[in-house]
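Let me begin by presenting the structure, written as structure tokens, before commenting on it.
Labels run A, B, C and D following the written order; every chain starts at residue 1.
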Amino acid sequence: MFYNKDGKTVLLRIVKAVQDNKDYLSEVDGLIGDGDHGMNMNKGFTLFADSIAGKDVSFTKGLDELGNLLFSKIGGSMGPIYGTVFMQMAETGEGYDAIGTLELAAMLRSGLLALYDIVEARPGDKTLVDTLAPACDAMDKDAEEKMNLVAALERMKTAAASGWESTKDMEARFGRSSRLGERSRGVYDAGATSCKIILKAMADGILEVAR
Amino acid sequence: MQRILNDPDNVVDEMLKGFVKVHSDIVAPTDNPRVIKRAVIPAGKVGVATGGGSGHKPAFIGYIGENLCDAAAVGEICTSPTAAAFLDAFKAADQGKGVACLYGNYSGDNMNVKMAIKMAKKEGLEVKTVVANDDVASAPKDQAEKRRGVAGEVLMWKAGGAKAAAGGSLDEVIAAAQKAIDHTRSVGIGLTPCTLPAVGHPNFEIKPGTMEVGIGHHGEPGIEVCPLESAAKMAERMVNVVLPDYPFVSGDEVVVLVSGLGATPVMELYVLYDEIEKLISGKGIKIHRAYVGNYFTSLEMMGATLTVMKLDDELKKLVDMPCYSMGIKQN
Amino acid sequence: MQRILNDPDNVVDEMLKGFVKVHSDIVAPTDNPRVIKRAVIPAGKVGVATGGGSGHKPAFIGYIGENLCDAAAVGEICTSPTAAAFLDAFKAADQGKGVACLYGNYSGDNMNVKMAIKMAKKEGLEVKTVVANDDVASAPKDQAEKRRGVAGEVLMWKAGGAKAAAGGSLDEVIAAAQKAIDHTRSVGIGLTPCTLPAVGHPNFEIKPGTMEVGIGHHGEPGIEVCPLESAAKMAERMVNVVLPDYPFVSGDEVVVLVSGLGATPVMELYVLYDEIEKLISGKGIKIHRAYVGNYFTSLEMMGATLTVMKLDDELKKLVDMPCYSMGIKQN
Amino acid sequence: MFYNKDGKTVLLRIVKAVQDNKDYLSEVDGLIGDGDHGMNMNKGFTLFADSIAGKDVSFTKGLDELGNLLFSKIGGSMGPIYGTVFMQMAETGEGYDAIGTLELAAMLRSGLLALYDIVEARPGDKTLVDTLAPACDAMDKDAEEKMNLVAALERMKTAAASGWESTKDMEARFGRSSRLGERSRGVYDAGATSCKIILKAMADGILEVAR
């Protein structure tokens, strides 16, 4: 488990991962989207880094702030999608002092469900849901099995990565790339890619502060 | 990229600054830098709000004005405005009679509008929506709910704005705007790609000597790529996509809107319209009114869109009502 | 050439057919297929005629309308109308009070107007002229009579048209239009060349990454080719050419017109205007009114022009008068 | 001399020369002008050929028709310039039954003078005046010397050609190319080129029907 109050470094690690992958994400989006995903994500996450600089924020406080910023400053699809996921995770987790496998699983699952509230995309539609949903499933299973957080996070990363991998062969059905139909196969989905990067950074960040 | 820009990341904010300076007789800024409203909204009317990504001038802010929209949420280039901006646009438009949000069918806009409405509801503000889906080429007819909104949105704003100005209730405004878009079909032909300022190179390709039939306002692929044709053949192709879909038939009265996508010389839009008019009139369909010009663009894309709306008595009255905005001024 | 054309040799005639169909509330064709007139010209006023080559939409026919021009002669693309067309435009504009021919300083137009006036005289029709020469970059100040007319022509038509509508005599209309253009200075920056439909390839070059300062509406070379700059720097460059030439100084009241050359996204014109406004206002010059949009274009050229006109009481009244044409509608 | 009534073949020869040189003229214009001179000229002269097809027209009648057509259908600079020249030549010559050196000289000179009425360009300004003026001068001199038409026409052609040649080193001061200043040197003027072609065709045509 890790302490909610120690979560700022986790958030900064996520920010850095997004910033480092700005060009890569745009490149992936450029293949079947409009090539701005890295720019959109970088803009939002950098705004967030600026807003928490020098401040002492907890993991859930930060997630709420991040979600709110994406939501109120980024627009597009990413604003509401990641905004919803992060704000819901924050809402679910705001009462936790210590976050273990069970807590994190609950937070992620509620984020995914809130997302389902606003998008029609489900696993198999070549969106970030294909990364997020298997990650949630893995966490839920580990929570059921009462697995410790360190082990659960490793499995969650693996699940996210293979979910991301699976988007390559899919045909896009939502978002910009869906207009391409068959032509959208053979490349990764941009949102799934950023989601994998974020989940990995989150896991690695938590592993650093976990006790 | 031969463009007039400072920092591409600031282009929307800078554009808005210039826009409100020039059109201070029509529009005013609001506390939210990404929301523009009418300079004076007549008290007691239903508010008409819209919003969308930037780069489509005159859309969206160019349709704020007398007997048109009351407020618009402004997004980044080709990117939906935030839910917060939509919410603030609703508040700016609201005169206590509720707000009609008339916007286009894009996934980002759908999500942000949906969330803004939830937030508005919490604050006791009633918002109803009409989602334009006039682009025939963007999905088959049996999936019409998936179709994108394109230049038909202008006619939706015209009808909805006029209904609101005439004192219509929220439900009446929504019904008029919904009828307008239900009676409207569009298709576009793209001749060159466009370049997002912050990207710096076109993110899709239209090979010289070819054209993309059914292209979307953000370069979304169309239904067919074919060799570049004469204006007459393009007109035929467009008319043949648009007319059968509704279908518009002999005896109908229609409004025709031909919009450039940005960089096509306006002279050529009149050449295209001349061909379109011959085809439509030739089918016994009466053109009651025509709009030709850059009404809904895609940065510096070349090409044009054709929009046809079938009139009934109500729509005719609404379309004929005078209006005054940057994008459309009509006596 | 990704354009919407049939036979490029017929583009002007086809465009005119489309134009009169769309704007039948404003204009009407005449017996001369290359002359367009107002649908209804109020009796007893001084006629205001203009004319020029095609490819500059809204110029020239787009400025026919209420309180603007009464008739226009239409030439081939970038080619002066015939003397016969100018003559017929004079006749179409004439309401028995004489005709003011307000046009731009190009050698073909000068010759054809001169000959048309001779012919009109033979028929007992009095025609006087004002020749716009607002383009600062086209000749040094001591050879101002050699300067070309560019977007400043729009303000000349606005002033002359308003004066005629207000009941001014031929001499008064001429004096007002002459004053308008004498008080006006312009400069353009070209970012891409344009292609004449019948030629099929650009007939001049602007290297990507560079810009041509002082470019003419037909691609006439400017005063300097320099590396592409930011909008702020372009604004500075334009303001620094235009303001000192008149000179416009602190305390002056002015009209500012920023026109795109055709293919530059309108959004960027507002970005440019925002910079221009800061510079002009910063010098203590008051902007009474601003026009920003595609007011005088060069086919699909990218770039923009800046026009500044100094107001006095008369010009202010004339510029503020409402008008209604395809190119400019003002309440 | 030749009979005015036999002049139609002369005119048709001029038309053909312009048509044959359409691309060349545009090419010359493209170097320092806007590349449409061949198109403009071809359009006007072809219209003229169509209008006299099957009709019996004299030399001066035809010149008047040609001038009128250029004038009322072509516009630009070429309409008034060549229109004025041809119409004035026709007016001067309409009373002549037989046209010899003296008559042709008078017609050309009056055409040039009428042109001077509407343009400011004079010899040395890199326009078609540089072709037409020396041709007129040569004809005047030959008329003074009572030289026969056949010889005079040969000398006129030579004068026109060397006038045209001289435009190469000049700096344009009128018309589109004048904007180029110094940069306009080194290439022929388009109007001077078409004028040389027209005068040569006229001379060759007259030589065919001369008696």
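Definition applied: a residue touches a chain if its C-beta (ideal position, glycine included) is under 8 Å from a C-beta of that chain, and two chains touch if they have at least 3 such contacts.
This one's a predicted model, so the numbers in the text were calculated from it and none came from an experiment.
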| item | value |
| --- | --- |
| Distance from subunit D to subunit C - Cα centre to Cα centre, in angstrom | 33 |
| Between subunit C and subunit A, distance of the C-alpha-averaged centres to the nearest whole Å | 55 |
| Inter-centroid spacing, subunit C versus subunit B (mean Cα positions, whole Å) | 29 |
| Shared-contact residues (touching 2 or more other chains) in subunit D | none |
| Two or more partner chains touched - positions in subunit C | none |
| Contact graph of the chains (line, ring, star, complete, other) | line |
| Chain pairs that touch, as defined at the top of this document | A-B, B-C, C-D |
| In the complex with subunit B, residue positions of subunit C that touch it | 2-6, 11-12, 14-19, 21-22, 25, 54-55, 57-58, 191-192, 206, 208, 211, 228, 230-232, 234, 262-275, 277, 290-292, 294, 297, 299-300, 302-304, 324, 326, 329, 331 |
| Residue ranges of subunit A touching subunit B (in the complex, touch as defined) | 26, 30, 34-36, 39-40, 43, 71-77, 79-81, 83-84, 118-119, 174-176, 179-180, 183 |
| Parts of subunit B lying in touch with subunit A, wherever the complex brings them together | 9, 53, 75-76, 78-85, 107-108, 111-112, 114-115, 138, 196, 198-199, 203, 216, 218-221 |
